[in-house]
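Several structures are given next for inspection.
Two complexes are shown next, each including chain A; its partner changes from chain B in the first to chain C in the second.
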Partner chain A sequence: MSMLTGMSRRLALATGIGAVMAAAPAFAQGEIKLGAVLSVTGPASFLGDPEKRTLEMEVEALNAKGGLLGRKVRLIVYDDAGDANAARTFATRLLEEDKVTAMIGGSTTGTTLAMVPAFEDAQVPFISLAGAIQIIQPVKKWVFKTPHTDTMACEKIFEDMKKRGTVKIGMISGTDGFGKSMRDQCVGVAGKYGIEILHEESYGPRDTDMTPQLTNIKNKAGVQAVINPGFGQGPAIVTRNYRQLGITVPLYQSHGVASKQFIDLAGPAAEGVRLPAAALLVADKLPDNDPQKKVVMQYTADYTKKTGQPVSTFGGHAFDGFHIWKQAVERAGTDNPAKVRDEIEKTKGYVGTGGVVNMSPTDHMGLDLSAFRMLEIKNGDWTLVN
Partner chain B sequence: MERLLRNRWALVVALALILAALPLVFPSNYYFRVAALVNIFALAAIGLNLLMGYAGQVSLGHAGFMGIGAYAVAIGASRFGLNGAVAMLAGAAMAGLLAFLVGRPILRLKGHYLAVATLGLGLLISMVLTNEAGWTGGPDGMAVPRLELFGTRLRGPDTWYMITAGALVLGVILALNLIESPTGRAMRAIHDSEIAARVVGVDVAAYKLKIFVISAVYASIAGSLMAFLNGHITPDGTAGFLRSVELVTMVVLGGLGSVLGAIVGAAMLVILPQALTIFHEYEHLLLGLIIMASMILLPRGVIPSLLARLRGGGA
Partner chain C sequence: MPELLQFAFSGLTVGAVYALVALGFTLIYNASDVVNFAQGEFVMLGGMITVFLHLAGLPIPVAAFAAILITVLVGLALYAFAIDLARGSGAVQIIIITIGASIFLRGVAQVIFDKRFHALPAWFGSEPIRLGGAAILPQSLVVLAGAALIVALIFLMIDRTILGRAILATATNRLAARLVGIPVRRIVALSFALSAAIGAVAGLLVTPITLTSYDVGTLMALKGFAAAMLGGMGSAPGAIVGGVLLGLAESFGAGLISSKYKDAIAFLIILFTLFVRPQGLFGKRSTERV
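This part shows the complex of A and B:
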């Protein structure tokens, strides 16, 4: 019984602290409230964690410099753990309880699409950090996004293939959400570049050997290159098996594996693999006259210093979302959701980590193919092609 | 207090009064949404509790049936032009039929075969929903057309709170009726001793199957309601394995064999994560601690343990 009273006393204390914590900021006047629902934990935490750290870092830096329009920015982050249902609940909470005037977040396409109706209904601008093209096509008045789409990655790869005179290719794709979506996009735009997909294979997200599928591709006459839309460890295994089978035609990976981890996993087999990636990954290798050089070097330095971890493109998406929003608020001279939305849509020439952003009423992403750089792995490191 | 909790009609009336009174104190739509989610999960948990608390069988794939209900209304309305309410009933029928087909051979066996079979079934449903992207939109999910009834489009958390509250009260009445019926008595006999029940002439397999089908229908209806409330569904969010585990946790936490317990368990697991966000990094830790503490201090589940304590200490 004494244990019980001890528990309840502690609980009462805890709730008391909670109440104070929740109540205190509400008294501060004139704050600009920015919401963020991110997948900080759970299977998509590799997206949500750097996004959260980036937003916190940027908001802190902004407030240290006197805030926005002379007002303090308060960032309210909720963790949906990758669950679309939880994301939707937190979206409602941001809109109804916290009364945010803008939102940056939605780490995955699933959580983003689940939250879209809430923001469309409430008429509050929503800058998503997820990849799929369905988020902005058809155009939704209040929804924007900063990451490039899978279609653009396919186009970048096909562009490079054409330069090398490759038109007949094989494809092996993962059946996870990313691999599947990108595979569909690649099939969709292949015709535009005159690329012919001779043979197609797939593998499950937890498969540990892709030799049979790759043997089929190897035996298919006329294949001039192979593309592997996929994510996680699958592409690394494909790359190893690819070399083990002695396939000599060029192998293209996707932006889904554009991290140092991929090179570590695939080892020497990764030599000569090409993939499209954001400028952020090769910040120090960009020529000095590159428009993105300054911003990606700065962000890389800040992020590494603050968190002690290497940068990822996902954190970069959050960085871009934050600054697009910030500049829109500055231009609008208010955080009024409708006016900020209009200004976000007018974003022109914003140079971010993901590329140069030029939005319009029909394009709520505003990136073109120059957002991607074609990389080749040489001596265990990235090098720029061209 | 104890008599009140024992009397089933008093329970229904009290629940209906509370559900009707809550909107008066809700300051915003956010509260309506959270309360609607409590109603929805309570409905699924009540169904699962019939199976776990009375038939003594665990289903580790119950979210699969929620997924069927959710995708039935999404696909039925968007691809076949069915009215949402009709699609919901079709989904419930499908979930019931599937439970019947899976349960019929398995429930003749003793032991935890159903747990393993439902585990597989749940994963299978989740995989189908993920992979049949042409129908379901794949892992990113699909939009659910708003339900239209009598020419009005139903939207907004407040509207759906009312509807889910009605569904919950109806679900409670049906569950209580079932428990007090001859079927319910047979179920309790099975729960206490399967051999004894068989000796007095109870067809154990048939009753277990019946309960399994009923619990699947409860879950399917809950899934449909969740799809309508959210307007967008994903395979993981509706039919994922973690969702199944969550449902089992609700039942065990609230109390096996207690209808009110299922509601309390659902309310705890829906509301606590929302309330604990103020602790930021520690929210998951605290949620785990609270659940552990609850199981240590109230080992038979919140409601049965409290009832026992009232009976022992009160009077």
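This part shows the complex of A and C:
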């Protein structure tokens, strides 16, 4: 009995493989191996999960159209669950066992920085999907990244404040990696915009009540606006507590919470909150002449159709990383790591979900402040601030 | 002055939840000498099941009631399939089993529900009540009232019913309780069911304020444990006082000293209690059994 089921299963499997083989286009030579170490589960899963889905969707679409340079692309994904040590192990496995010729991934700054030495040593291009500026400054020969940096988010916010005549602010930041990094960047560039931080508070990543900290900010005389670097549920609770205490000065959130989920969690308290975010978030609200309109509308349609979930900027970073790599391989005419690296560095005028990318030997990200749009939440939805 | 009042409101709300978790710890500890580290997962289940049943279209009261019921079943299953099977083992082994159960429940929740954070609508709106320059959410009052009601019910039950007497007898001396005909195993099972129910209620009451996700239980259990230690492991009034004190210490600490070390306060309290008064505020000094 068991032998029979075993045999029929094997038969079914064989037929299945046959069917797939028949349907797939004919591919030349070997596969092109693309690696991805992502935080698909664990605390950073909201980054890794859409990134993985996006890469899988794009690779599938590419192979259905005949692959890259006539060769099939094989995507090898490992889940580091947000653990930097696991990420380093998987990076070594990708390089030594799977022998990938490029890597897109590193969902968080921590996992990315843990993997950088492995790719620098092996001389394989590595496009990171994490935020911190340390990833590309100082420039590392083999390392690139697609998301904007925290510094740019701070600068975008300060630009908006300056326009409105705000100079004295309060700051409440999360003590997680993202919150801390962005806090440091904001403090660093505040002077450049003539912004003075009068009072500073922080909260832990799992805190459920920030009213004591916000009470202190509220009682600080002269605060004209408050900025909250952080991601996850923390900023949603900050926003709720902010309204609970009846603080009336404007509240700025970061790009870290630029997802519909933030509006859902913060509820009516989110009304009037301002934040910088990628164009992807307001795809349908962009004017038709916006250069990014086409690509973000297309990605949004594809992703929602494929996964049944709303798009996030994080999946968009993976989309950009994949296409920058794909175009570099096409231009190089090979997947040779050194040649692909040179072509990635020469990326000019690539219009992606995160902005228009112009890389150079000194800039391995290639985005400027125009990549960020200033948004305000009105009636439970994003609106563009001009 | 208004800021002190604000810190107090904030501390009382958080403290009431810690108190409920600590009370859950206490009930099970008294009945079975076991510290149930899956207590935080009961809080998570209470919130998450309510959220998802509500999303599925059930009205909140029905969803909440079902959530309590399901969590009680989980508590009973935890007792039947993990604790009771290992009843010959020592307390330490069983405590480790509860840690395993907590990880297991978190994993299952992650698969059945999802990994996102969720909110529930507040029962009486989210317009804060202004009082003496401070603002308190109506839901905070619901949490405080709910906690007070549960505590009152538990104390009444233990004091006034024959079942409560049986729990008390089991807590005092299990062998003697069995000898006078008290079904000790059923009493222990009951303590798991009660703890699960208390945890679930705490979870669904507090979710409109604090939000919930599959992994909120871990920190909840640690804070509840710190509260129970402070009050004295095994003392029900101690659990309540410990929870409220811990909540107040956290909120005043964050407001007056520094918000950087808010979570450290719970652990400092555990350490301090162990050094200075290991039996806690209300605990009886334990004697070694020979």
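Operating definition for what follows: the second predicted complex is superposed on the first by the 357 of 386 C-alpha atoms of A that agree within 3 Å, B and C clash if a C-alpha of one lies under 4 Å from a C-alpha of the other, contacts with A are read in each partner's own complex, and residues count from 1 in each chain.
Just so we're on the same page, a contact is a pair of C-beta atoms (placed from the backbone, for glycine too) under 8 Å apart; a residue touches a chain by one contact, two chains touch by 3 or more.
The model shown is predicted, which means the values in this text are computed figures rather than measured ones.
Because the two structures share chain A, they can be overlaid on it, and in that overlay chain B and chain C fit beside each other without clashing. After overlaying the two complexes on the shared chain, residue contacts for A:L245 are found with chain C alone; chain B is out of touch.
Looking at the shared chain after the overlay, A:F319 reaches neither chain B nor chain C.
When the shared chain is aligned, chain C comes close enough to touch A:R206, but chain B does not. In the superposed model, A:F126 lies in contact with neither chain B nor chain C. Look at A:F158: by the touch rule set out above, it reaches neither chain B nor chain C. Judged by the touch definition given at the top, the superposed model places A:Y299 against neither chain B nor chain C.
Of the two partner chains, both chain B and chain C are touched by A:T175.
By the touch criterion defined above, A:T41 reaches both chain B and chain C. Of the two partner chains, chain C is the only one that A:I237 touches; chain B does not reach it. With chain A fitted onto itself, chain B and chain C come no nearer than 6 Å, counting C-alpha atoms only. Overlap of the chain B and chain C contact sets on chain A: residues 41, 175. Those residues of chain B that touch chain A in the shared complex are 28-30, 33-34, 37, 130-131, 133, 138-141, 143, 157, 226, 230-234, 236-238, 273-274, 277-279, 283-284, 293, 297.
For chain A in complex with chain B, the touching residues are 4, 7, 18, 21-22, 41, 78-79, 82-86, 88-89, 92-93, 95-97, 108-110, 113-114, 116-117, 132, 134, 175-177, 180-181, 184.
The touching residues of chain A, when paired with chain C in their complex, are 41, 45-46, 49, 175, 201-204, 206-213, 215-216, 219, 232-233, 236-237, 240, 243-246, 261, 264-265, 267-269.
For chain C in complex with chain A, the touching residues are 3, 6-7, 9-10, 13-14, 110, 115-119, 121, 126, 128, 130, 135, 137, 206, 209-211, 213, 216, 219, 251-252, 254-255, 259-260, 262-263.
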